[in-house]
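Here it is, the structure, as structure tokens.
When the chains are written out, they are named A, B, C and D in that same order, and each has its own residue count from 1.
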Amino acid sequence: MARFDIYVTYKKGIFDPPGATAERALQNLGYEEVSSVKIGKFIQLEVVDGTSMDRVAEMCGKLLANPVIEDYRIEPVEEA
Amino acid sequence: MARFDIYVTYKKGIFDPPGATAERALQNLGYEEVSSVKIGKFIQLEVVDGTSMDRVAEMCGKLLANPVIEDYRIEPVEEA
Amino acid sequence: MRFGVVIFPGSNCEQDVIHAARYLGHEAEYIWHGDTDLAGFDAVVLPGGFSYGDYIRCGAVARFSPVMAEVVRFAEAGGPVMGICNGFQILTEAHLLPGALLRNVGLKFICHSQPLRVEQSACQWLDLPAGTVVDIPVNHNEGNYICDAETLQRLKGNGQIVLRYCEPDGSVLSGSAPNGALDNIAGICNERGNVFGLMPHPERVVDPLCSGTDGVSFFNTIVQRLAEV
Amino acid sequence: MPEILDAELAPKLAVELGLKLEEYDKIVEILGRRPSVTELYMYSLMWSEHCSYKHSRKALRMFPTEGEHVLQGPGENAGVISVGDGWAIAFKMESHNHPSAIEPYQGAATGVGGIIRDIFTMGARPIASLNSLRFGTLDKARQRYLFEGAVAGIGGYGNCLGVPTVGGEVYFDEAYEGNCLINAMAIGLMREEDLTLATASGVGNLMLLIGSTTGRDGIGGASTLASQEFDEKAEDKRPSVQVGDPFEEKLLIEACLELLGEKLLVALGDLGAAGLTSSASEMASRGGVGLDIDVTKVPQREENMQAFEIMVSESQERMLAVLEPENLEAAQAICAKWGLRSTVIGTVTDTGHFVVREGDTVVADIPAATLADDAPIYDPEMERPAYLDEVQSFDVRGVKLPGDDELGETLLKLLASPNICSRRWIWEQYDHQVMLNTVVLPGSDAAVLRIKDTDSAIAVSTDCNGRYCYLEPYLGAQIAFVEAARNVACAGARPVAITDCLNFGNPEKPEVFWTFHQAVSGLSDACRAFKVPVISGNVSLYNESFGQPIYPTPTVGLVGLIRNVERHTTADFKDEGDAIIMLGETHRDLGGSELLALIDGTVGGMPPSVDLWREQQVCEAAICCIEMGIVKSAHDCSEGGLAVTLAESCIAGNIGANIVIENRLRPAVSLFSETQGRIVVTTAVEDAMTVAMMADRLRIPYAILGQVGGTSLVIEDMLDVPVSELRESHEATLERLVHGG
């Protein structure tokens, strides 16, 4: 088994309502040190050994991320 | 500004409907090498310099994650 | 007897709950989420909707509203509290009820009339005989109840499971839950039975002009019970 | 004076922003100089088809817009009708086709958000929304993606707001493959005296921007500008998809209605297409005043935004209010209570000029009224398209109709056709009950919403069969109208007013504009015959891909009124033994029919003809009988014909029917012809003669078809199918198709 971690975030300039809400909520809870919160997705993918990054990128482009509004970053994970 | 990346994932044993659905969908799309998909949250937090990990952990425990079903991991991010 | 119905920013069923209660002849008033005084209310309802947009997690932000500290105190003193849909989610986030509500298994919002089986329970809000089937609309995206095995045992042992998703004939099948809820759980109460959380919307079925009357006892039972005390 | 563009760059940029050179010249003439970047952007958007209706405006004058119920006709954010007891209903339909083709979830969601804002801007509380959708066929993955995304987006937004989505329509046809249509309609309820207009007035009054921050959402990137004017990274010029924030919108609804309720505002407008520019200039031109706005006051969510970006940004969930300075504190307190930002960004002036500043620098100075009122108006050329002769001359008689032993099977196939099958998969993703007004849920002909504290209710339906409009746009538009009218009549409601959304291709093509003109004319004639005015609407043009326009799709959203809500009716058959009567009669109308598409794969022939007088009498007969309280179910005949109508009533009521059809038509024609002007009603047996007498009195034909009962739909000598099989065919299609089946 190989593992990849995928980070999906909104593209620059795309509005992130959940992030904006979390930001305000934290400030209201007294965490005034918070200046910005962005909420994206953290995807842990398990695939058979030898699966290429390209292949994973394809999955991201097709299904796991929405390329119109989201960017993604893929990181191969060393097995623990 | 200091930055922390926070990874929120479901606790072991908690069934994750979006992950399970993505898993099946990928397999149906022909990505048979996929054996498991888990979808969590990737939160990017910006706070004033000097904010401690403990303080961020507090925010996670209170608001950003639900300890009944979720685990979280915090990583301070070096400024680029 | 006076119901208090909390308005959180993003609540959207508060008017419906008020309408239902008044339609049934009860007094009902709004409670603003920023208020901290529950004096004059005999029962509190946390209504459905999307408090704070359901962003981060359903109920996660609303739980910190000033009024919630009072609701917790009220509940701990034995005051009746019912959380409907988003209200149920808030009650779990506030730890007044165990477990959590995840995304529906189909990943789709669901809105339809749903048969529910009434279980033998400690719930003060409902005294329909166990086995009764009621048709109540569900309307949610995150109604997939979950808790750990130990909690489930406790819920069962204490009679805390109040409603389960079922077939029209009352049989509870693994596929009867439209959202994948553990053990088909649609509604639970705390040990004492005064705090009640449920995903379906009883307030939508009290007025015969709109979809039936199976929700009537969800309001009337508690009124009678309080009148008896 | 603002910094003007250089002589070479200005016209180039104008063209790139979609203006014609003559239009650019007109701007120079109005200003008496070349424009600044900001000014050019403002004009280019306000003079776009979307904001100015420059190609369609003249044709729209054909619509009747007045009537006894009308409180506000076209021209404001939404039309308003009076429904009695001091209550009024505001409604409007709008397209969000192009954004949805790029990002279906957000496109559809923000479409709902926009139309809802148009409603509460008028002072009405949004109480329902509907949607009219068109996609290519679902055998294509992209189309499934668009369809699933759009439905999820409509639900995601409306559900969060707590505004029920009570109805709509959807069709799948290759004609929409490159251009899906997402039309959203919203309805609001208010007291007549609360009607609010977006008219700025009162020199010295303040402009208060309420709601979300402003980003670069929806700003058309202009490469001329990127390469020549600024040296920023091109990355920053990329237009962003508008993302909806329904939570913010929910807060806006509550806060704005509270602000209006407390009488704190002089005017209220929403920021839609062309953002602040459009909202502010329309308010100014209606009020004949000037405005002075400072863009640095506008809360921004992105860095280094240019003044023009702020002025044209289409960031969602923002409202612009005009108020007297002494009410500012109270108004801001209400906004703050709801957790909303509110910022004074400018003032009303007596100059008649719309002045935009960036701090101390003036970046635009425009005669305010010229943005909204001086847009060019065109008289586009028209030419009857050549394709019409070809498609209309298709000989339907040459098609081999299903034989007598194939009728049952054909009915099942029709019920399973994507254009006829149950839409449950869609509406179960929508909260259609919140607010406790939905008396008739989705699944009947029209949704019925009661008006609390009165005996009345409204019935609503959206309709348009694009195939008919493609074959004959004048007739097609009339059918859209009469179908909507029949649908509300089936609920027991008298049609009162309509909104429309006219979706067409490129109006600069004479053939396309001809279809547009024909459709508007057909719709106008239908409205006049029914004395039903058009009180609001929207035009969406340039729906083309690879030069191929969509079917002309003039969608009608009709609102009818029920005086006694207890006397409404649904489509489901009720009780064993009830008499089944068809009002109207069947002719051989197979042109453009679903049957033809099914058995021959053809869209051809002439669509059914429309007799407006007959249509009206049929509706009236149904309504009168419903008002008498003798009608137990009513369902009209549309796509798929009488057999589908009967089958749907059986499925909905979970009960069979025994039918005998007596006429001289071939069985397949009797069953599947799409003749207009037909409504099937049921009554207790003893009331059947009353219906017959009513039909006679209104001089319409009718036929007693048989009785409700049993567990199968039996049509003597034609077909016999168990209701369970009918249901299976009707219910399974959409879910199967979206899963790629």
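Quick notes on this structure:
Definition applied: a residue touches a chain if its C-beta (ideal position, glycine included) is under 8 Å from a C-beta of that chain, and two chains touch if they have at least 3 such contacts.
Please read all numbers here as calculations on a predicted model, not as lab measurements.
Common neighbours of chain A and chain D, by the contact definition above: C.
For the pairs A-C and B-C, the count of C-beta pairs in contact is higher at B-C.
Chain A and chain C, compared by their mean Cα positions, are separated by 33 Å.
We define each chain's centre as the mean of its Cα atoms; on that basis chain B and chain C are separated by 29 Å.
With centres set at the average Cα position, the gap from chain C to chain D is 36 Å.
Centre-to-centre, using mean CA coordinates, chain A is 8 Å away from chain B.
Counting partner chains per residue, chain C has residues 52-53, 55-56, 60-61, 64 touching two or more of them. Residue positions of chain B with contacts to 2 or more other chains are 62-64.
Across the assembly, chain D contributes 245, 247-248, 339 as residues in contact with two or more other chains. Because contacts link the chains in a way that matches no line, ring, star or complete pattern, their graph is best described as other. Applying the touch criterion to all chain pairs gives A-B, A-C, A-D, B-C, C-D. Across the complex, chain C is touched by residues 13-18, 20-21, 62-64, 66, 68-69 of chain B. Put simply, chain C touches chain B in their complex at residues 56-57, 60-61, 64, 92-93, 98-100, 102-107, 144, 146-148, 180. Residues 52-53, 55-56, 60-61, 64 of chain C touch chain A in their complex. Residues 102-103, 106, 212, 215-217, 235-236, 238, 240-245, 247-248, 301-302, 315-316, 339 of chain D are the ones that touch chain A when the two sit in their complex.
The residues of chain B lying in touch with chain A in their complex are 1, 7-9, 19, 22, 25-26, 29, 31, 33-48, 51, 55, 59, 62-64.
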